[in-house]
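Consider the two complexes below, in which chain A is the common component and chain B and chain C are the respective partners.
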Partner chain A sequence: MVSVRMEESKVWKTCIGMMVNLIEEAAFKFTPDGIKMKAMDPSHIALVDFELPATAFVEYKVKQPTVLGINLLEMYKIMSRGKAEDELTLELDEERNRMGLTFKGASTRRLSLPLIDIREAELPEPKLQFTATAEVLAGVIQDGLKDAEIVGDNVRFELSNDGLLISAESDKGTAELKLGKGDKALAKLNVKQLARAMFNIKYLSDMTKAASSSDIITINLGMELPIQLDFPVADGKGRLRFLLAPRIEAE
Partner chain B sequence: MSELWVEKYQPRKLREIVGQSKAIQDITSWAEGWKKGKPTKPAILLYGAAGTGKSVAAAALAHEFGWDLIEMNASDKRTLSEIKRVAGAAASAGTLFAGAGGRRLIVLDEADTIHGTADRGGYRALKELLEETRNPLVLIANDQYAIPWDLRMVCVLVNFRRLTVDIAIKELQRICRAEGITAEPLALKVIAETAKGDLRSAINDLQTFTLGKKRLTVKDLVLYRRDREVNVFDFLKQLLSVSSAKDARTLLWALDLPPNDALAWIDENIPRMVTDPTDLANVYDAISRADIFLGRARRGQAYGLWGYASDLMSAGVATSRGEHLKWSKFRPPSHIRRFARTRANRAVRDAVARKVAKRCHTSARVARKDILPCLGVVFKHDKKTAAAITSQLEFTDAESSFLKAMG
Partner chain C sequence: MGVQLGDIVTKQKVELEQLRGRVIAIDAMNSLYQFLSIIRQRDGELLRDSKGRITSHLSGLFYRTANFVEAGVRPVYVFDGEPPRLKQRTVEQRRAVRAEAAEEWAKALKEGRVEEARKFAQRAGRVNEQMIRQAQTLLGHMGLPWVQAPGEGEAQAAHLIQRGDAWAAASQDFDSLLFGAPMLVRNLAITGRRKLPGKDVYIMVSPEVIELKVVLEELGVTQEQLVDIGILIGTDYNEGVKGIGPKKALELVKKQGSIKEIVRTELEEKFEVDPLEVREIFLKPNVTAEYEVKWGESDPEGIKRFLCDVHDFSESRVQTGIDRLTKGREKRGQPSLEKWFG
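Coming up: the complex of A and B.
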């Protein structure tokens, strides 16, 4: 049996909205402790790692671990129909092999979508030695990416003792965003060693655009390593983690 | 059903792939080249018949070199944007596990089917991809010539040969041992020969025939050959060597051709090889009777008559052809060749007929048979009227010169 209820549907909507640009289908694992999902995009460049514990729900009834395959695009369409403050219930209809979504607000609305058959991929856990970490306001990252987008397809992230530097450079010009120690938007900075790598802007903006600009994103970075972005979900009870492979710079 | 043996016994390492030592050597040296940066030929094209190990080699290569593997199959929407999106993003990125120092192997399976679309956008995208990529690419195709030459130029070409019967038998034996199956050597030989160098289908057949048992004998394979599609050349060859009417009929069943096409092939080839005049008369007799039945079946839509036609063209021909044969090369029915030769001409003729038919309120067939010959005379002898008709019916140059040549 799977039936979970959360106070505000926007929590789930934001999460789905952030995943849907990267992956089309996902296998959500409902366990007695919470919901987990991990998937790679078709290019194997990005990894989505999602966790939402049972404590984030007002009611959480999951007897045994169940994997539900969801077409994210379809689910996002349904989520877009809900009001942000609606109460949301996710339910498994075993007989008809569907997931039911009930929005309770001014009225009670129930929509359902068919489950799809996907194997829960066995993804190896990347073991990465990040050398720098920072906590940054999402709005700042979003701005930095939008600036960089004007200039090119790729953007460089650098974490040093001076702070965070987001920069892009091409024939079309340059863009640079600096966030130094003491700036309000930089909540925390911890640099063991200078960290720098270049990434595809499109992927980064797909990951960040659905975030609320007041969210605090935790960035983990290393020299020529993938970037790890952690978004808090449901007031930090859960998290949505993205990992993006760096670009190989021309020799 | 339990696990497929083709997957269970799939080689995980390059050197476990049988019968392709030259190909494996070429693949390895190309892959080694990537260690020193992007080589002049960033992609490798593996081509050859189905079931010879191309895809398996690509997977094993990624595994052996520790590359992250990304596969795009024909089942994927193989449009330009899809290639650009998935492969394009993958081509310039490092891996999630090793960062910018890591490499990924992008495999485009069935690369010869990419250009399903009218424009060749898929190939253009591929070529751009090869220029930009910082990761190794593998293209897989059955036919190397289905890939445009300018794309082939920037690929290392590696041929996968059809596996010999001996190698296929050895592989089948290996699987039998692992599965605890006792198989008659002859049975394995039959499977290996029928597969014609396609190891995947040989292994699939072995699994099918041993389903639920631990012994395989030739008797189990009685139905085997019949169920398999026989190509027309094999069919003709065997029709000239079978001795019983029954075998001849069985042969025809296995041939995947409509009866009138089969008859055309028989008519074109068998009589040429019969030397004795009496035999030849009998062969032609059988063929003509078969043709009569086919005609009646078509006119009266009495397809039950096909049975008689089939028996006459197979058993009838086989029993009357005699033993004194003069072998020569098989060739396709002459009408097929003639049609192919005149296709362009017929296309022009039909275009003219359609234009005329529309103007004369009649069918294209009537226009072709009754009106076109008259127009031909006009076009040959009366330039002025011809010009008027041409402008009225908007004939192209090719069409008016066709009419002129007709008259």
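Coming up: the complex of A and C.
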């Protein structure tokens, strides 16, 4: 049996909203400990790694590990119908092979969607030796990306002892965002070695645009390595992690 | 035609953009035939230059390739070499179909049946040696690599992927999967808004990705068994068994284990060539490790000389294509995450 209830539907909505631009279909694994989902986008440039422990729920009933295949776009449509403060229950309707979503607020509304047949992807753990990490306000990243979008398709992230630098350059002009030590939006900075890499803006904005601008994102970066972005979910009980492959200068 | 596996394999639609940075080994003959078939005037007549030489294949190769190169795809065209002995009959059959279509086409034109004329014309197209050489010359000017296969192009394309020199094979046929290509992309050259044949209806075509590992897992068969399924349905090298389609073939192979067992049953006399010989073509393909895959700069002057001066292409349209090639070059540098998987 699978039946889990969370206090505010917006938690789930935000998570789905952040995944839906990257992956169409997802296999959520419900275990007695919590919910997990890991998937790559079809072009294998980005990876989504989601974890929400049972403790993030007010009620959590999962007897045995169950994988539920979900069309994220359809689920997002349903989530968009819920009010942020509604209580949300996710339930497996085994008989009809559906997932039920119940919003409890001013009224009780129940929607459901068919489960899809999907393999649970076995993804290896990437081996990455990040050399710098920072905790940054999501709103700042969102701003940096929007600026860079005006200039081109790619954006450079750099973490040094000076702080975070988000920059873009093309024949259309330049864009630069600096976040230094002492700036409130930079909650934490730890640089063992200068880290710098370039990324596709579209992917990064797909990952970050649904985040609340007041979320603190943890960035992990290395020299020409993928970037790892961790978003706290349900007050940090869970997390949504993205990994994005860098762009390599054309040979 | 290739093996008809379409009904039993899972295809995933992707956007062209999602193939960015990917090296894709393209079945050159398959593409050229496709261009000859679809790039036509309304009455079915091929595009020609002022000297009457066919240019449909060049138009297709240039503009369609520029399209996906712009999106950041890194194509490497693979040309067929010597076909396996068993393909001879298929080759002759195709030749006969084309000859017949050419006659029907002429007849339809004479009688003013324009739509039908177009249909027959599409079947009549034939890629000759000269067209292949022209295609290779054009690719050279475009700064794109091509590889000469010793045998079947699809086999060589699969080999490129297995050696890590390409990410996927591109072809409309499913044979690449039988040759062991881990990844197959379909619809690459026809992505975009396309007219349905014989109708005034347009549809959006997007690329499809088929992953061999997923196909094998979902069907619950091995690579050898997939080849056996192909042999039962029919390939370019054998007719297949009458009355056996993909689903029946899958069932049979799973029940019997392999074609070796199947030939011991009453089905044996239904094969007119030795299925084990066909099996060898796929499982021990004639391929080479002697090739080079390298992307260069495109040569705008060379392209214009070849397409505009020699073959009367419109200079402004060709310039647009050249711009796309340049744009694509900037986009290529997007590796996939697998690069960092341990």
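What we mean here is this: the second predicted complex is superposed on the first by the 251 of 251 C-alpha atoms of A that agree within 3 Å, B and C clash if a C-alpha of one lies under 4 Å from a C-alpha of the other, contacts with A are read in each partner's own complex, and residues count from 1 in each chain.
Heads up, the rule we're going with is that contacts are C-beta pairs under 8 Å (C-beta built on N, C-alpha and C of every residue); 3 or more make two chains touch, one makes a residue touch a chain.
None of the values given here were measured: they were computed from a predicted structure.
S.K.: Label the relationship between chain B and chain C on chain A in the superposed model as either fit or clash.
M.R.: Overlaying the two complexes on chain A (C-alpha atoms) leaves chain C and chain B clashing.
S.K.: Name the contact category of A:Arg119: first (chain B only), second (chain C only), both, or neither.
M.R.: After superposition on chain A, A:Arg119 lies in contact with chain C alone.
S.K.: For A:Ala197, select first, second, both or neither according to whether it touches chain B, chain C, the two together, or no partner.
M.R.: In the superposed model, A:Ala197 contacts chain B only, not chain C.
S.K.: May I ask you to decide whether A:Ala26 touches chain B, chain C, both, or neither, giving the answer as first, second, both or neither?
M.R.: Neither: A:Ala26 stays clear of chain B and chain C.
S.K.: Examine A:Met75 and indicate which partner it touches, taking first as chain B and second as chain C; both and neither are also allowed.
M.R.: A:Met75 contacts neither chain B nor chain C.
S.K.: Per the contact definition in the header, classify A:Arg247: touching chain B only (first), chain C only (second), both, or neither.
M.R.: After superposing on A, A:Arg247 lies in contact with both chain B and chain C.
S.K.: So, A:Leu225: does it touch chain B (first), chain C (second), both, or neither?
M.R.: Once the two structures are laid over each other on A, A:Leu225 reaches both partners.
S.K.: Quick check on the superposed pair: does A:His44 touch chain B, chain C, both, or neither? Answer first, second, both or neither.
M.R.: both
S.K.: When you line up both complexes on chain A, which piece of chain C, out of 73-81, 91-99 or 307-315, runs into chain B?
M.R.: After superposing on chain A, the stretch of chain C hitting chain B is 73-81.
S.K.: Determine where on chain A the residues touched by chain B overlap those touched by chain C, and list them.
M.R.: 40, 42-47, 124, 126-128, 200, 225-226, 243, 245-251.
S.K.: Tell me, which parts of chain A touch chain C in their complex?
M.R.: 40-47, 119, 123-128, 153, 200, 225-226, 243, 245-251
S.K.: Any idea which chain C residues touch chain A in the complex?
M.R.: 12, 14, 17-22, 209, 214, 217-218, 295, 329-342
S.K.: Which residues, counting only chain A, touch chain B once they are in their complex?
M.R.: Going by the criterion above, the answer is residues 40, 42-47, 124, 126-128, 197-198, 200, 202-203, 222, 224-226, 243-251.
S.K.: In the complex formed with chain A, which residues of chain B make contact?
M.R.: 37-38, 68, 70, 85-87, 89-90, 92-97, 99-102, 104, 134-135
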